[in-house]
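What follows is subunit A paired twice: with subunit B in the first complex and subunit C in the second.
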Partner chain A sequence: MAYYAIKGGEEAIKNSLNFYNDYTKRSEKIDDEDLIESLTFSIDKVMSEGSLYSKKLASKSIKRSAGDLLNASFFVRAHRSSCQRIGICKELDVNDMRLSRRISSAFKDIEGGQLLGASNDYEIKLLVDLKNEKVDIKEYSNKDNVIDSALTPLRNDNLIKILPKEEEPWDITRVFPTSPYPRSSVLQVMSRGESGTLLGFAYTSMRGYGDVHPTIGDLRIGELDIKFTHPFTKKEVKIGSIEATAVESAGTFNKDENGDTKLTTGFGFCFGKNETKAISMSIIDLSLYNNSYTVGTEQIVASDFEMVMHHVDGIESFGFANHYKLPHYVTFQTDYQIFKSAKKYVEEQNQKDLNGALK
Partner chain B sequence: MKREDVNDLAQFVKLDKLQNLYKKIKKNHDVRILTTPTEQTLLVPVKDPISGGSFYSGEVLVTSTIVEVEKTKGWSMVMDSNEKLSLYVAVLDACFEKNIFKDEIKELLKEAKKEIMKETKKQNQKINSTRVSFDLM
Partner chain C sequence: MRYAFLDEEAKKEIRRSILKAIAIPGYIVSFASREMPVARGWGTGGLQVTLSIINEKDTLKVIDQGCDGSVNAVNIRNFISSVTNVDTTTDTKKATLIQTRHRIPEIDLEEGQILVYQVPMPDILETVEPNTAKAKIMHANADYSKLWVLLYEDTSMYGDSRISNRYPVIVHDRYAMDPSPIPKYDTPKLNNNKALQLFGAGREKKIYAVPPYTKVEPLKFEDRKFKIENFEDKSCQRCGSRDSFLDEVYDDNGITHYYCNDTDYCDSYLKNGAKK
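What follows is the complex of A and B.
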């Protein structure tokens, strides 16, 4: 496959861009603050897939692309590559999260309890106006909720399968690794992957091509502090906080590297509030590191590292799919000419054969 | 209150209040901008509970500035794209160290802290109102 550079068309391109701007410019009238507060899940999706936590840029990108979220993520990712990376913040631990939501479908009674948070899980999905019942919020506790994962007690009791620890995490934005892929690179790819693609991959493992039917051990949404070293005092300083979603899902029991049978788990983490993405990531994680192939064949998509590493990035797949719109005249005309020549050759051969038979 | 609190708390002070104080400082003292407010990113490592290692989940956009107030250096790194905020916070950081308008800075930060705590408590009440324990049928 190849395509050739084109030239000309400047006027049409300019007019097309003007037309597009006219078509979408009303979105520019939306105030950034309003968009951030109202379309909060869209903002979070764009930050997560764009791999850059910036609500302002996510808002600008959504407006610029008139609500096309994949395109918006592209803007954010492009901006990311234009900024200097100043360093690495202090490692985040999801157990330090100030929780706004925390549920478990594995355990009914967990230490710290379950918090539904702001959720519409139990909403009747009808487009009718539902009355908001007034609740006196003052009667409830105003304490923070910082609670360990519901799987921590099992982990402390050595009942959960652990995987080998890497000394240093890989950074795929500097060098993309080759197989066998370090676990950190796999998690990084999925953490910035496209939500729908991760969902699709995870769904294959639940449906017809795998055997992962997990239970959500711990699903949490909340805030985590970003900390960095002050250059003059050399002491730790809080830069701010980010919202994030983390999921630990529990699979079946499997043998670890010592041959002991342990509970298998998968981990999902992403910027912002995006439960579907974090759950999907945790399922793929389970499938990649604990495949047992009781359903389907050994060609299971969600257990294939190559498949996951090279196909879940939204910006890359979006770019590749959309480049087919650009002129490929030479490619296609070459194929078409070969096809026509081959057809003519076959017709001539057939005619020769017919003439020979008639003689 | 420590110097390390300035960077975080000052981000919650209303921008016009910070601007007023910045103007006052600039009028009476020598303020030099050594590094103009610049958008940068911080890589975010997250602990992987399964291996105990970590992985990079993405980057955070920050705006950093370095200033000098009466030959004392000040620094800020604020969340997101926020040039003015970053400049004002860096100046406050230097002034806090140099004891310039320190009481006024402390007062602003205390107010901000009070407001944060008030908002957090309100938010926590909403969150805690959703505490659930389902009954088995």
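What follows is the complex of A and C.
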């Protein structure tokens, strides 16, 4: 009888889980290193959205979720909650990055030059085997490329609008702010945000709800050293390095609080190689802080702090969308009762009106 | 795995938020909200509240839609007992800590018991004002005019509010509160309850509370009665009770059957008869 069916949860869960494990178990055969070296963009997406820098854990989570990257990020994020924080590293400066790729579309010629690095941007996307020309990549220089952002000269000339510096950066993992949201918290939310959502929000701006056709001043991928104050010696020590993507985009000009005309910029930063995400983030940052230059309607998604702060997290939106799979028979039962009595009320009213009209 | 999963710093932050919430009944307190091994929207707020206050002496009960045996309840109970050493029960009377989704147990709660709600939408003003910044100002001013207008419009068009569950309540004559998606049937039980009621919304990062013996009233016009779900002449086909919230169940022949939604109540009614 149906009544007993809803009570069989325990066994049903177990069976479902066993079935799933059987269904996806071949993914366990993939070697972590192979996965990290081959599906590197998946790894980086999971690290970025899972907000934990560990290629190994990202690889394990991709296998556990059989390639469902949102689910994989969720595995990483949940694991993160069980990790004790040992401290806070020194501030990172993206100008210190050892670059593996760096492009600027704002300037024809930039100090340090364009550095294409590894990219398939200019590949013809067809699923046919292309003849790869033998290239001896050993010929390429492996010197550390440390070059300032292409917008640095403009910043040095005081042409770029600079937002006020926060005394102490906010930490959204310890306290979640209420409006007005500090910029550090907005950037953190976006940095962990879901790539597709950020792209969607940024695209609304690109398409006209915000009048932003930004120019990429500097897009860079590279390694950053993580430095820490040693707890005993109190000296600065390097404890490792991370790969990250950073983007500075330039928008229109605007008057700053002193009445000076300044060029506006937006910033995007995330773990790993995530160019589309970092570009999108920089555009949203640009739109948020310069919405007086927007066109369209009053409500512009990419300039709305509430929209960005509460909607870009993939783990949260994905979890909630999936919660619709949970039983809802109590709420539906009450909906149904209300619906029936409202329907009855409307019909009675209509009948009354009809009777009144006939009289 | 550490006791109760969360690290001590997280638990401390959550307990502080809970204390603030108890001190200002119905007021929404913001907290960081850790990611749990259970998906957002599946009870992570309730879980964090439960894990922050649970200790060895507790006896835990978890219900979802009135049932101890439904998949989400089982899953959450298994998780909590795997990271703690507490005893679990399905008996409402034996439980010191009850985590619930969408129901208040049929049997009256007692002093010393804590009822933790899983909350999807913590702010009732969301139904009329989705912008949280604006809603916060409206709460500060106790400006609930938009809710009253909604109630008025619904009443004029449909004879009553269209809100079926998570019906707005006013706590301690001050804050309008979302009571989590409980049916209207359960709304009167919020009032003057002997148990401490805690509400956790993980995805929305909010905690709020109703302390024991606190006045909680549905938002209602003076000349309109608050109507709860009505099962008329129906009774539970299993235990025969006429005083509980019933589930409609269709069998293979399309015939409707009625059973107690609160499965523990159904069992105890079979054994001991009506609720006290």
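Here, the second predicted complex is superposed on the first by the 322 of 359 C-alpha atoms of A that agree within 3 Å, B and C clash if a C-alpha of one lies under 4 Å from a C-alpha of the other, contacts with A are read in each partner's own complex, and residues count from 1 in each chain.
Methods note: a residue touches a chain if its C-beta (ideal position, glycine included) is under 8 Å from a C-beta of that chain, and two chains touch if they have at least 3 such contacts.
For clarity, every value in this text was computed on a predicted model and none was experimentally measured.
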| item | value |
| --- | --- |
| Combined model on subunit A where subunit B meets subunit C, clash or fit | fit |
| First (subunit B), second (subunit C), both or neither touched by A:R80 | both |
| Touched partner set for A:N120, first subunit B, second subunit C, both or neither | neither |
| Contacts of A:I162 with subunit B and subunit C, given as first, second, both or neither | first |
| Once both complexes are placed on the shared chain, angle at subunit A toward subunit B and subunit C, C-alpha, multiple of 10 degrees | 110 |
| Which of subunit B and subunit C A:N322 touches, first, second, both or neither | second |
| Touching partner for A:D93 - first (subunit B), second (subunit C), both, neither | first |
| Contacts of A:Q337 with subunit B and subunit C, given as first, second, both or neither | second |
| Which superposed partner A:E10 touches (first subunit B, second subunit C, both, neither) | second |
| First (subunit B), second (subunit C), both or neither touched by A:F228 | first |
| Superposed model, subunit A: greater residue contact from subunit B or subunit C | B |
| Subunit B and subunit C, minimum CA distance [Å, superposed model] | 11 |
| On subunit A, positions contacted by subunit B and by subunit C | 80, 83-85, 172-173 |
| Footprint of subunit C on subunit A - complex, ascending | 1-3, 6-10, 12-13, 74, 77-78, 80-85, 172-180, 305-306, 310, 315-316, 318-323, 326-331, 333-335, 337-339, 341-342, 345-346, 349 |
| Complex contacts: residues of subunit A adjacent to subunit B | 47-48, 51-57, 80, 83-89, 91-94, 99-101, 108-109, 113-119, 135, 137-138, 140-145, 149, 151, 155, 160-167, 169-173, 183-185, 187-188, 191-192, 226, 228, 230-233, 235-240, 242, 244, 248, 265-267, 269-271, 285, 289 |
| Subunit A-touching residues of subunit B, taken from the complex the two chains share | 3-4, 7-8, 11, 38-62, 64, 66, 73-75, 77-81, 97, 120-134, 136 |
| Complex contacts: residues of subunit C adjacent to subunit A | 1-2, 5-7, 9-10, 13, 30-37, 39-42, 44, 64-67, 69-75, 101-103, 120, 130-133, 136, 157-160, 162-165, 181-185, 203-205, 229-230, 238, 245, 247-251, 257, 259, 261, 263 |
